[in-house]
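Below, each structure is written out as structure tokens.
Two complexes follow with subunit A in common, the first pairing it with subunit B and the second with subunit C.
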Partner chain A sequence: MKHRSSQQEGFTLIEVLVGLVISASVIAGLTTLASSVNIGWSQVVRKLSSQEKVSTGLAIAAGDISRIQRIADRQSKPPQFHFHGQPSSITFVVQERPASGAKGLYWVHLFSRQTSSGTALIRVHAPFYTTDGSAAAAKWADEVVLSEGGFSFSFSYKRAHGASDAWLYDWREHDTLPGLVRIQTTESRTGAQAYPPMVIALKVSAEAACVNIESPACTMKSLGKLMSEKN
Partner chain B sequence: MDKHRDGENGFTLIEVLCAASIAAFAIAGLYASLTTSLRATDRLDGHMGARITARSVLAELDNEPRDILRNRHGTSGEYNWDLQVEPASGDLARISPPGFQLYDLKLTVFWAPQGHIEINSVRMRQ
Partner chain C sequence: MKSPANSVSKTSEHGAVLVAVLWLVTLMTLLVVSLGGNVRSNVDLSRLEIDRLQTETTLDSAVEIAAARLLADGNEAWDGHAEFVNLNGASVEIRVLDASSLVDIARAQPDLIRALADKVLGGGGASNALADAILDRRSTDEQKPSSELPFQSVDEIYELAGERPELVDKLIPFIGLYSKGGRVNVRASSRAVIESVPGISITDVDDILSLQRSRDANIAAYQAIAARYGQYLTAEAGNVYIVEAKVMGGLHMLAGSSLRATIALNRKNGNAPFQIVRLSW
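For the complex of A and B:
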């Protein structure tokens, strides 16, 4: 044996096998550990990014909804507010934030759309013209994806001062604005609630129409209800 | 042995095993920090839900501006909330216009297993 090894300077089969077994088990152990770290890491990253998306999406939507302008459409009979609320979309008029680079009144339309990766909450806006103020005539632009991924969003509405009222999925009282708007976030895959529903109160700001307190578009005296013109 | 090593310039088994165990320790450390961050994202989830709940409770309160403010509590999904109302004291009380009363609100939202956030706000009522 000694003689042979000094002549050939190699390993015996047993040595090679033992070495192989040890290195194989060491490598296997390390690989399992490393891959579970990798899986866990991507899980953390996925969860954080979906949280971040939902949270910014909801914050932007809530910011918009709380600033809804009380502007009446005088052309329509009976008069109605510039506001449309459906379960999967909401359309209203706001004063755009100065930071957005757009000045003045804008229509804003928030809606959900099916995409390849699930459901997306989208925001588009269009300049609001008092002359032709209908949402149908709006030229939507500047599409922003507020949230995209495995979540679905739905809107519901509640009357002002209507604590015991039910949530409505379609807003049909066109002569008033809802007091509360609710956004429900569910997981698209399971339909389970992902986060508690976000309830947003519409800020009660002075209406431009109330420059003349007798104007039927000024709803300060009528509990938010638009009155028909008396003439 | 020495001669053997000079000729081949490789690692001994001991060296390989040492290196592997050091690597194992390093990965185990990573793994531990990963578990911590997984738990942290769960906590973050809880906080996010609690924040949304708190906001919603205050919004519902603002939708009833003629209601008398009083202590109340409720449940929204896995979140329990508790609202404590007290007439404001100190400097704040003095700035309220005649006929109006300023209230201090303390809203606490709890969720399992032991998360909670506390939000302080003020509201004015006639």
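For the complex of A and C:
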């Protein structure tokens, strides 16, 4: 005779309880795992995004610096280039990017500024007027944050000629332009180097006056140094 | 013999195992997709950076190649025609223009500057005003030593055009600061520049263009015509050239990227036989 035992018709309370405990443990484990994956993923995304921002910002700065024009203030005694290099900022004259819609020569000022989220690398520009070519008179506008986050940026400069191989943090040789500019990126919190330093060569190395190499306004024969006019 | 109860129990167990397996598969898929996305973003970022650097290096190399060609052959008429070279696996278009084929705004005869502005800008008040502004800048600078130019960069004329930068956009392909004594090199100059020479006859314009088309290095023929307009034209090349390099395509290259460099040659200096005097986007 076939007999269906009531014990075989379903789960006992104990079995259901054990099952629930096991399921809860598994779900808790999975949730922890998913959460840690999510945290890791967010960290990776943040890091990538920050790397991308720094990389793009530095590429823009490098593009500007490599195209620095050799424009001199020949009225000053002795004559000096329109260029200022400090550890936390750099100011120079370039032809603006076509995409900016700005035509002609522009002052560009790159500097780092403290913000709530760390330090930002900022770019501003101003039209360059030969009649009043001083950076002090420039009307800075169109601020662009090239990079922002937990990084600090510093500039240093190296001579194009001469025996000294040192990086200078303050460019005081106003009658010449540096040959190389370096941008160092460090972690604001620890001060440790965040990325390898970016070294940019100034590609413009002679003046328009060099159509006549003998001209005193051409520095090709004076190792890049502006010479005073001899009347 | 299998009892039905046994069978029901086995089916439930299989169902639970199936659910567990599905959970695991879903979880692992999510992990793999996340990992893949992470790796892909990293690789894309690095590749873009490498492509950018490779393109920049290729364009710099193209300028150096053009400079080497110029140093090797100073006698060719560099009129800006396109040549293609393969560099780093990329096809690069290089154009070289003798910068003395442009009208020198610092040294050219005033009537040539006025005539060029008239021709390119269509005459009228605006073109006269721009020509006057250029010539005014020159006269203001007359007190300065003769070696000092009134312009240090051709881009300075945007400052003179004030609110009309579009006028300069039209004029700038025809002007420079790089002539020998203010005269235009007739061997490489454009039709617009030749036709702007005050008093030039139609026959002489046609003869010059025909000589240019034939790529005939008949310097004597050019010299004969240039001599008739001696204060405006010359058949001599200068030492400044405009090099335009453009990446047309290639593996790991940002196609369409270009570089425009104005270079000054100094053949006597073996260490640095050329220098860049202007670099534009």
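The rule is short, and it goes like this: the second predicted complex is superposed on the first by the 198 of 231 C-alpha atoms of A that agree within 3 Å, B and C clash if a C-alpha of one lies under 4 Å from a C-alpha of the other, contacts with A are read in each partner's own complex, and residues count from 1 in each chain.
Following the convention adopted for this analysis, a residue touches a chain if its C-beta (ideal position, glycine included) is under 8 Å from a C-beta of that chain, and two chains touch if they have at least 3 such contacts.
Remember, it's a predicted structure, so these values are computed and weren't measured experimentally.
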{"item": "Touched partner set for A:S215, first subunit B, second subunit C, both or neither", "value": "second"}
{"item": "Partner chain in contact with A:S134 - subunit B first, subunit C second, else both or neither", "value": "neither"}
{"item": "Touched partner set for A:Q193, first subunit B, second subunit C, both or neither", "value": "first"}
{"item": "First (subunit B), second (subunit C), both or neither touched by A:S55", "value": "both"}
{"item": "Which partner reaches more residues of subunit A (counting touched residues only), subunit B or subunit C", "value": "C"}
{"item": "First (subunit B), second (subunit C), both or neither touched by A:T115", "value": "neither"}
{"item": "Which of subunit B and subunit C A:K158 touches, first, second, both or neither", "value": "first"}
{"item": "First, second, both or neither for A:V37, with subunit B first and subunit C second", "value": "both"}
{"item": "First, second, both or neither for A:T12, with subunit B first and subunit C second", "value": "neither"}
{"item": "Where subunit A meets both subunit C and subunit B, residue numbers", "value": "9, 26, 30, 33-34, 37, 41, 44, 48, 51, 55, 204"}
{"item": "Contact set on subunit A toward subunit C in their complex", "value": "4-5, 8-9, 26, 30, 33-34, 37, 41, 44-45, 48, 51-52, 55, 59, 66-67, 69-72, 74, 95, 97-98, 103-105, 127-131, 203-213, 215-217, 220, 229, 231"}
{"item": "For the subunit B and subunit A complex, residues of the former touching the latter", "value": "4, 7, 13, 16-17, 20, 23-24, 27-28, 30-31, 34-35, 37-38, 41, 44-45, 48-49, 52-53, 55-60, 62-67, 76-77, 79"}
{"item": "Subunit A-facing residues of subunit C, complex", "value": "3, 5-6, 9, 20, 23, 27, 30-31, 34, 38, 41-42, 45, 49, 52, 60, 99-100, 145, 147-149, 151-159, 165, 168-169, 177-180, 238-240, 261-262, 264, 266, 269, 272, 275-281"}
{"item": "Residues of subunit A touching subunit B in the complex", "value": "9, 19, 22-23, 26, 29-30, 33-34, 36-37, 40-41, 43-44, 47-48, 51, 54-55, 58, 62, 158, 160-163, 179-180, 182, 193, 195-201, 204"}
